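Here is the structure we will look at, set down as structure tokens.
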Amino acid sequence: MELFFAQLLNGCALGALYGLFGIGFGLVFATMGILNAAQGAYASWAAIVAMYAIDLLGLPFPVAVLVGILAGGMVAVLVDQIGFEPLRRFGPGLHQAAMLGALITSIAFWIMLESAAGFATGQQSLAFPPGSYPAAVFHAGPMMLPAMQAITLAGLVVVGGGMHWINTRTRFGAAMRAVGWDPVAAGLGGVNARVIVIATAFLSGGISGFAGILSGISTANVSASLGQGLMLKGFAAVVVGGYDDIRGTAIAGLALGVLEVFCAQYLSSSWRDGFAYALLLGFLMLRPRGLFGSAGFTRA
Amino acid sequence: MLRRTLAALAAAALLATPAFALDAGAYKVGFVTDNTGPLAFAGMSFSRGAELAAAQISAGGYMGIGTKLELVEKEGAGDAARSIQSYNQLIADRSVLATSCCILSPIAGALKPIALNNKVPLVIYGATAPGLPSLPYVYSVTGLPGPAEVAMSKHIAAQAKPQTVAYFVLSDNEAFQARFKASQAAMEAAGAKTVGVVNVLSADTDFTAPATQAIALKPDLMMVYTTQSPAAGIVAAVRARGWTGMMSANDAISPAAVFKKIGPPLAGVPFPVNFSPDASETPKAKGFIEAYTAKHGSAPDLYSAQGYTAIWLIAQGLKSLPGKPTREALATALSKITVLEHDVYGGLPITGGQAETRYTLFLNWTADGKITAWKP
Amino acid sequence: MMDIVEDLWAAYASTLGFAMVNAFFALATYATLSAGILSFGAVTFGAAGGFLGAQMVLHSTVPLPLIFLAAGLAGAVVSLLVAMIFLRLESHWMALASLALVLITRVVVLNTPDLTGGVNGLSIPQPLPLEWLAGLLVVTVGAFYALDRSWYGIAARAVREDTSVATCMGIDPRRIQLIAMGISGFVGGLGGVMMALMLQFVSPDTFFIHVAFTMIAGVVLGGSHHWFGPVLGAAVFTALPTVMQAFIPEMQDIGNGAALLLIMIFLPRGLLDPRAMRLRRARK
Amino acid sequence: MTLLALADVTKSFGGVTAVGGLSFTVRPRHVVGLMGPNGAGKTTIINLISGLLHPDAGTIRLGGQPVTRARPHEIAGGGLARTYQNVRLISGMTALEQVIVGSYLRRGTSLLASILHLPAARAAARATRADAMDLLARVGMADRADTLAETLSYGEQRRIEIARALASQPKLLLLDEPTAGMNAAESAEIGRLVHALRDDGLTVLMVEHNMRLVADFCEHVVVMNFGRKIAEGPPAACIADPAVQEAYFGKQRDAQRHRA
């Protein structure tokens, strides 16, 4: 029983990373209709920058994390403005040609950013210097909760809640959704579409970057390929949760993490990812609008 | 007496000077690197070792004064298709006499038939699948896994007498599966029961859950059979969860980069290794470590030693040939080599094209980042 | 002089071979894309063809042409099964589902060692004669050319550009897309066995996500509106790393990415674009 | 004898009734006009008949067969073709190819024959091309056959769209505002074309809100407002109907007042 709860907690902490990353990933997909292959690289770069901010500049931990998040957001804006903006002339967000073009430019950025990250890390897997981050372990009877797991879970709650609030309660959120539906119409409606797009890209990169930093710390692995693992599972969380639904993404991320850990503990670690992706497929087939989306949908 | 001494000296001098010698000039060796891609962390060490070897061979006149060895590097990026293309470009250059390649066994397996078809000597520097070498063209300078793990297992079983063992195994890697099985057999023969096997995958990065799983098995000893990144992550995760019991790992955690990353939690975790800049003490090893540190600014690791050895083997083959050698002649010459002259391991016997390294070093990191001999 | 030609051939024959193999994958992707489906499924169909082909080479004496046929059919069977399940989804979800399929394919390949050799993969001691590869590619490209001119090609373009108009013209989009998936499966299966023979081994990594991205990039780069676009794109995409290695060995990946990016921004419809050609003709 | 029959057809979108309890019939070889001010539900009717939408209640029959739940391509197979209010040609295709798309239902060869480029397939393709050229000639666009359709003028695009609709050899042709954006001369030409088609045996149901054109073109008119039928009969009688006058001019006066 003790093992069960310990693994449940591990699964939640792991899933919180997927959920966090997924929220950033889903933001771009929901707002701009872009399947962004470069999203993982935002996470890698945020972690690399945050690590060097501590290692080389000696910044205190919270400041370094903030610097990393900023870096993730700025890389995202760069990719958006160089790689996606020229393609928006195709028309509204979800046009197939635009989606395809953006997928390809995002692949191009993925290749470049990951390769550059390889140079930045000297092709090594590095880590945050031991002792530079909170390493305390909270004990409650037989249960233990390392500080980084607590921070990750809190991060998901704060970011997820914050984004949900922005999305549903603020003018900015409404503007984001308007741009998602149709940038031209949104422009006519008095929303400066370009500003909204840049802000969305920044948020998306910052959130995925935050996930990258947390993942880099708790797995003691900061490398060019850090983002890739997050990317595949984060993508699954987005689809299962419903790509425009932040609550759904957060819960789906947690569920995927728990599923993954329990599969490895109680079933088979080699089929573990198979379960996660089969769940993803199942959701696509049966509830393509995600956890909280309406089940029915029509072909346009 | 004097005459006999003089005669002996003359004979020694005659033996020391080859009866025939290579023409002066540059002899090209093709080298498929993995300096980008997922294996770049090791790939860069392999090629740095090889570059050092080529520089030393050329500068020192090992194959004759003015006879140089030129390394021609092409990128394989850890990808089979790209490695094959790079390899074909290397051997299409007729002045390339020998080639060296490959960290991954499947890629080595894919290049081997090309080497055989084109009759080009190929010295494999990293991949360790059994059966790769094929005389007279394909050689491997890296010992097959197994003996080292068995030796370490016996050593640990004798020294620490664990009753129960839990294993971490990279389930999607054949070489580590083999190492694990060899070790497990040795441990069980010594009376240490297996209480559980925790499988992880190559692409995994989060080891908190596997660590929790293993700790719950309450073993006397945890043995880690995975590649570098997972091994480092597992040790860190197990220690972070407060488990202080005994752990062992493998040579993947020997590079300095691993300690820089993980730090004190690595202390006291033994690993078997055939080369370590801190523990290898033969004169050739010391020379290599000094020269490498001078050239690259950091100490070599086991990978750079392997890349270095591969090029020295080729040079040794070339040295035994006269005039302008051919690929076929070089292959024949290589097949006659049974002992590597210039090795950093303190003895590198080669049988049937496969080198055997003698793993004699059982080392561990200390809390302040030094490598010392392991004691329980 | 002959020596130079021979050396060049020896150096770049395998690059040419991989370009042709990639052309199969690109054509398989083009087959679905030209009917309005963005699908990464060709990787899965390639795995079906590749592993079946490998097993046939290893454990039977079936001649090579029949192995190609079997691999193509294996791909087609898988693709039709997938199509029956996936074609209910609208385009974006279909793309995501096919991506999930690629991820699952790897897990299945890893865990069925009896069929696929598991992590070790399968070694295939059977070289692929380049003339076979070239011949089959010519035939396949010819078939795509013929299809493009046929009622099917025109109907597929209509479905891709405006499904609602197409369906009011009596075109059943699901039927067209089912055919597209079938073709994609067959050509993908062929590509799979070609890749297996070209590498002389297959493993779970042979058919994974990078292949999916490479081939989509190849198609869009070459031109996703023209039957020859995928072949051109695959050639460019295969040769690019080799060329980059010659000029900027350290930064070759960054160079590849930058080249891809520039082409997409300045030629968003790819190198070969029939619409642009017609527009140019109209302006004259 | 009716070719198309709508009985009590109802369709609403999110609580707003676009079409409510509409019934009318179309007899063969007639030109029937569907009239009504903007927002009356005319295009919804066209979409319901062509199967892009399905009614919430009521039935639609085409040539005696119920097609209420049929999918668009099945209805097209039953002999229906249509054009669009805003011309919808397929991007990247020449004028000739647009028309060949329309002849899909008469393709005449199998897929395998096409892949293998068999003589039968080539012959069928040639025949399709020839027919398509004839149709282009019929709408006066033969000299533009190889031009990218999207580079042509709006009026020319409309004519190509009609040729495309005719290529399937339909029994019933739905024209959704075929003269929108055309000048008087161009409109008259469309009128002559429609009459010629009727004389060849085709039945035409056209949406039009220009009353003069309806009076000139049609033999029978259905007038709608707010999704309901407000008048039906010969054009002159319908236009004179006070309800129709109110629907049209009352609205127009309101609109003018708003603009002022």
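Labels for the chains are A, B, C and D, by order of writing; each one numbers its residues from 1.
The criterion applied here is as follows: a residue touches a chain if its C-beta (ideal position, glycine included) is under 8 Å from a C-beta of that chain, and two chains touch if they have at least 3 such contacts.
Bear in mind the structure is a predicted one, so any value in this text is a computation, not a measurement.
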Shared touching chains for subunit C and subunit D? none
Comparing B-C with A-B, the busier interface by C-beta pairs is A-B
If I average the Cα coordinates per chain and compare with the overall Cα mean, which chain comes out closest? C
Expressed in whole Å, how far the mean CA point of subunit A lies from that of subunit D is 49
Between subunit D and subunit B, distance of the C-alpha-averaged centres to the nearest whole Å: 76
Can you compute the centre-to-centre distance for subunit A and subunit B, using the mean CA position of each chain? Integer Å is fine. 38
Between the Cα centroids of subunit B and subunit C the separation in whole angstrom comes to 38
Going through subunit D residue by residue, note those that touch at least 2 other chains and give them in order. none
Give the residues of subunit C touching no fewer than two other chains, as numbers and ranges. 110, 164, 253
For subunit B, residue numbers touching 2 or more other chains are 36, 171-172
Tell me the shape of the graph of touching chains, choosing from line, ring, star, complete and other. other
Pairs of chains found to touch, sorted by chain label: A-B, A-C, B-C, C-D
Please name which positions on subunit B make contact with subunit C in the complex. 36, 74-75, 77, 80-82, 84-86, 88-89, 91-94, 105-106, 109-110, 113, 117, 171-174
Subunit C partner, complex, touching residues on subunit D are 50-52, 71-74, 76-77, 81-82, 84, 88, 90-94, 97, 100-105, 107, 109, 111, 114-117, 121, 124-125, 128, 147-148, 151, 164, 168
Flag every residue of subunit A that touches subunit B in the complex, lowest number first. 2-3, 6-7, 10-11, 13-14, 17, 115, 118, 122-127, 130, 135, 137, 144, 146, 149, 215, 218-221, 223, 225-226, 228-229, 260-261, 264-265, 269-270, 272-273
The subunit A residues in contact with subunit C across the complex are 33, 35, 37, 82-83, 86-87, 90, 94, 96-97, 99-101, 103-105, 107-112, 114-116, 118, 232, 235-236, 239, 270-271, 273-274, 277-278, 280-281, 284-285, 288, 297, 299-300
Help me check something: in the complex, which residues belonging to subunit C touch subunit D? 142-143, 146-147, 149-152, 154-155, 157-158, 161-162, 164-173, 179, 225, 274-275, 278-279, 281-282
